[in-house]
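Below you'll find the structures, each written out as structure tokens.
In what follows, subunit A forms one complex with subunit B and a second complex with subunit C.
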Partner chain A sequence: MSVGLITSVVFIGGGVLWILVQSVKGRDVDRRWIFLFIGSTVALALLFHIRFGEKATPIVKAAFNQIENLPEGASVLIAFDYDPAMEPEVGPMADCFIRHTLARKHKLFLMTLWATGQALMTNTVEDVLKPEFPEAEYGTDYVNLGYKVGGFGVINVVLSDFRAMYPTDAHGTLLDSLPMFNKVRSLRDIDLIISIGGGTPGVKEWVLFAGNRGNIPIVGGTAAVVAPLLYPYYPRQLVGLLGGTKGAAEYESELTGNYDRFKDMDTPALRMMGPQTMAHVVVMAFIIIGNIAYFRSRKREGK
Partner chain B sequence: MKRQIPMMILSTIGTIFVLAYFSPGLEELEKGGSIFFDVVACFAFFLGGSNLVRVHIQKIARHNPGWGYSIVTLFGFGLMLFIGLFKLGNPLGIAGAPTEPGSWFQIIFQYCVAPLSATMYSLLAFFVASASYRAFRAKNTEATILLVAAFIILLGRTQLGLVMTSWVPDWLSIAQIPNLAVFIMTSPNLAGQRAIMIGIALGVVSMSLRLILGIERSYLGSDS
Partner chain C sequence: MGESVIGAWIAAFLTLGILTFLYKDNVIYKISEAIFIGVSAGYWFITLFWDNLYRKFWVVGIEGGQWELWGGIILGVMMLCRLSRKIGWIARWPMSFIIGAVAGLYMMLYFTSNAMVQIRSTISNLTESVNVGDPYYIIGNIVVAAGTFSGLVYFYFSKEHKGVFGATAKVGIWFIMVTFGAAFGYTVMSRMSLLIGRIDFLLSDWLKLIS
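== the complex of A and B ==
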């Protein structure tokens, strides 16, 4: 056990005990103490770099295998349908998908249906794709289609014709002049769609308007709060799903475990699982303490 | 005419989209409709932007509570609009995308908008913690079931759940907390979600039919 973990456990234990004593005595614990406690718990875990190992669950493993089993040079579309609020949760997924697909030498089509997605896509391209895959050539190995307004309307159009909606890429280059588009006319020529997002339009719209109609396999990556809503689509309409930071952490562990070149890669989701685990423990303790106090007060009132 | 024309447009476009969804031959027609829809959707930006400016100018003019924040909002809106439209600081000039690496737009987005937005979202953690202490009570059977399920999911999403039940033999692996969490997500949750989705889908179908057939007219406004 590391010093950081022991310090955090002692801090959490002490704090929980104090709140338990106050609650049992019937004293109201000011919510500012609660805020301070949860904030400090997360801060401690971050400061001491507390980390836990992760093992991929079947739903994440299915997503990993889907990319793994595609033939070399397959066409993969990644949709960055999210905003900065969701970025800490789903950004690491985008990084992983970029790494995995390019390591497998697939062709990457990047696009977004969210106005805020384009800037985040630029960050991923600049921070992950270009430095880690300098051999990847624009127009031959990857292309950035940028943002288009219209939500599912855009999916409807590109399902039958990319050029009708995107005469050019995000940089103003004609699609016909990009080698990647020689054999790609519509979404039906894409081998896999990876939808990353947690709102509307997002994974659900990609499943309904592209996956179902075009018979294209879809892998999803969403914020944790949205994941339960997408389970009904798994495993037929959605071949794999990454839910929240945990899903991203599991995917990172799969990548680092299976590829030597990614052994030392940055793993923000695995890093975030430490603070998240600590926060979950505190929330569970609060639920227990809250209920103890509730039943004690009911007993007192009953007397 | 004020009522008939919008109703005719809605009925025609709605019928085209429904037919095109099930008839591959009508794909071109649907594509045209979708492009038209996307063009119309662009105007939402003008509408949204102008509405934002109008509301905040009114707030400032009337010195409503918090009018100072409206100044910040308008300043931020104007700044991003100006920089984005004229591509200020864009390495590729006016021809480059607004989010070109190194452009002022991208820098402000990356170092101001993104952290501020993520910070706002992260505040949820504090309110969730406070709510878990004050509101999550086993007051009746339904609340108790919900509480137990939430507890298992919370534990199952951490290493703690795995450690706590790692002693459980393999033939009883369903009793391991992470597996229990997966079971809750893929069985009771799935059943509930499917029921809700089927209900919503039936509602959407009936409402769409009412709109296409001209029975539902509330979208035309109160004077209609």
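== the complex of A and C ==
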């Protein structure tokens, strides 16, 4: 056990014990102590680099295998439908999908249905795609379609014709002049859609308007808050799903485990799972303490 | 370099400003909140202005002479009538058009995707799992089918929840409660990720305590 883990365990144990004693004695614990305690737990886990191993669950493994089993040069569309608030959760997924698809030499079509997704998509291209894949050529290996207003209406149109909604790419270049669009007329020519998001429009709209109607396989990457609503779509309407930081961490572990070139890559989701786990332990302890306090107060009132 | 340092300091100030609300409502929180709302509104306005009004209305619709876009342009102008008390009623027309179109589009898709395909998946997965022979897969699909059936029974109120019917409804409510619990757990995870993201930013990008 590392010094960091021992320090964190002692801190958490001491704090939980103090709150337990206060609760058992029937004293109110100011909610601000709870906030401070959770914040300190997360900070300690981050400072001491506490990490736990992650193994891909079948639903994440299915997403990984879907990209893995596509033939080289397959067309993959990635939708960045999220905002900065969701970035810590789904940003690592976007990085992983970019790395994995380009390592498999697939053709990437990048787009977003969220105005706020434009800047985040550009960040991913500048920070991951260009430095790690300098050989990838714009227009031949990847294309940035940018943001279009219209939500699910955009999906509805591009299902039958890309050019009706995107006469040009994000830089104003005509689609007809880009080699990647020689064989791609509509979404139906795309081999896989990867929808990353956590709101509306998001994964659900891609399933409803593109997957079901166009019979196109869809992989989802979502914020944890909407993941339970999307699980029923697996495996028929969604071929794989990454739910929150946990899903992203599992994908990162799968990627680093299967590709030597990604062994030393930045793994923000795996880094976040340490503090996440510690915080969950604290929340569970609070639930138990809350129940103990509740039943004791009921017993006292009964007397 | 200088810009990123200033940016990190501003972001750190705003992050801490928002977090001060956890102690109590205060001026720094209100300033941070107002900046956040103002910047968001400004960002959306500029994006929609250039993408919709300029590129579509002006460049394509007027300069490009694509007259089929004029239907949308007219509806858009009608929507703006809402700003006037006298002619505000005109905005009801584009509004009813939008609601009708969206309802029409969603109705069939929802029915197909969230009812028909879901029913088919629940049943066929069960039969498929028996053919596959994997006990883990079989038990999983039995649980899904039992949960779906008993959950539906719980919401059937035309018959009194008594006897076998009542027992099934009780199983249904357990499934529903477990689902709510799982959803709550995921929500906690999601919110915790946001907190971790901000603390990670403070410790690494701002204070440089984490490499």
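What we mean here is this: the second predicted complex is superposed on the first by the 303 of 303 C-alpha atoms of A that agree within 3 Å, B and C clash if a C-alpha of one lies under 4 Å from a C-alpha of the other, contacts with A are read in each partner's own complex, and residues count from 1 in each chain.
In the analysis below, a residue touches a chain if its C-beta (ideal position, glycine included) is under 8 Å from a C-beta of that chain, and two chains touch if they have at least 3 such contacts.
All of these numbers come straight from a predicted model, not from anything done at the bench.
A.B. asks: Which partner does A:47 reach: the first (subunit B), the second (subunit C), both, or neither?
C.D. replies: Only subunit C is touched by A:47; subunit B is not.
A.B. asks: Who does A:88 touch here: subunit B (first), subunit C (second), both, or neither?
C.D. replies: Both partners.
A.B. asks: Looking at A:165 after the superposition, I want to know if it touches subunit B, subunit C, both of them or none. Which is it: first, second, both, neither?
C.D. replies: Touch status of A:165: first partner only.
A.B. asks: Identify the partner contact of A:287: answer first if only subunit B is touched, second if only subunit C is, both if each is, neither if none is.
C.D. replies: The first partner, subunit B, only.
A.B. asks: For A:64, using the defined touch cut-off, is the partner it touches subunit B, subunit C, both, or neither? Pick first, second, both or neither.
C.D. replies: Once the two structures are laid over each other on A, A:64 reaches no partner at all.
A.B. asks: Contact-wise, after the overlay, does A:80 reach subunit B, subunit C, both or neither (first, second, both, neither)?
C.D. replies: Neither: A:80 stays clear of subunit B and subunit C.
A.B. asks: A:228 in the overlay: touching subunit B, subunit C, both, or neither? Say first, second, both or neither.
C.D. replies: A:228 sits against subunit B and subunit C alike.
A.B. asks: More residues of subunit A are touched by which chain, subunit B or subunit C?
C.D. replies: Residues of subunit A touched, subunit B against subunit C: more for B.
A.B. asks: State whether A:154 touches subunit B only (first), subunit C only (second), both chains, or neither.
C.D. replies: Touch partner of A:154: subunit B, not subunit C.
A.B. asks: Could you say whether A:279 touches subunit B, subunit C, both of them, or neither, answering first, second, both or neither?
C.D. replies: Touch partners of A:279: subunit B and subunit C.
A.B. asks: What is the shared patch of subunit A, the residues that subunit B and subunit C both contact?
C.D. replies: 35, 38-39, 42, 85, 87-88, 116, 118, 148-149, 156, 213, 224, 227-229, 232, 246, 276, 279-280, 283.
A.B. asks: Help me check something: in the complex, which residues belonging to subunit C touch subunit A?
C.D. replies: Per the stated touch rule, the residues are 22-23, 43-44, 47-48, 51-52, 105-106, 109-110, 112-113, 117-118, 121, 179, 182-183, 186-197, 199-200, 203, 209-210.
A.B. asks: Within the complex, which stretch of subunit A touches subunit B?
C.D. replies: On the subunit A side, the touching residues are 19, 29, 31, 34-35, 37-39, 42, 52-53, 57-58, 83-88, 116, 118-123, 126, 146, 148-151, 153-154, 156-157, 160-161, 164-165, 170-172, 213, 224, 227-229, 231-232, 246, 273, 276-277, 279-284, 286-287, 289-291, 294.
A.B. asks: For subunit B, which residues count as touching subunit A in their complex?
C.D. replies: 21, 27-28, 30-31, 34-35, 37-38, 41-42, 44-45, 92, 95-101, 105-106, 109-110, 113-118, 120-122, 125-126, 128-130, 132-139, 147, 150-151, 154-155, 157-160, 178, 182, 185-186, 189-190, 193-194, 197
A.B. asks: Quick one: in the complex, what on subunit A touches subunit C?
C.D. replies: 32, 35, 38-39, 42-43, 46-47, 49, 85, 87-89, 115-116, 118, 147-149, 152, 156, 198, 207-209, 212-213, 223-225, 227-229, 232, 236-237, 243-246, 268, 271-272, 275-276, 279-280, 283
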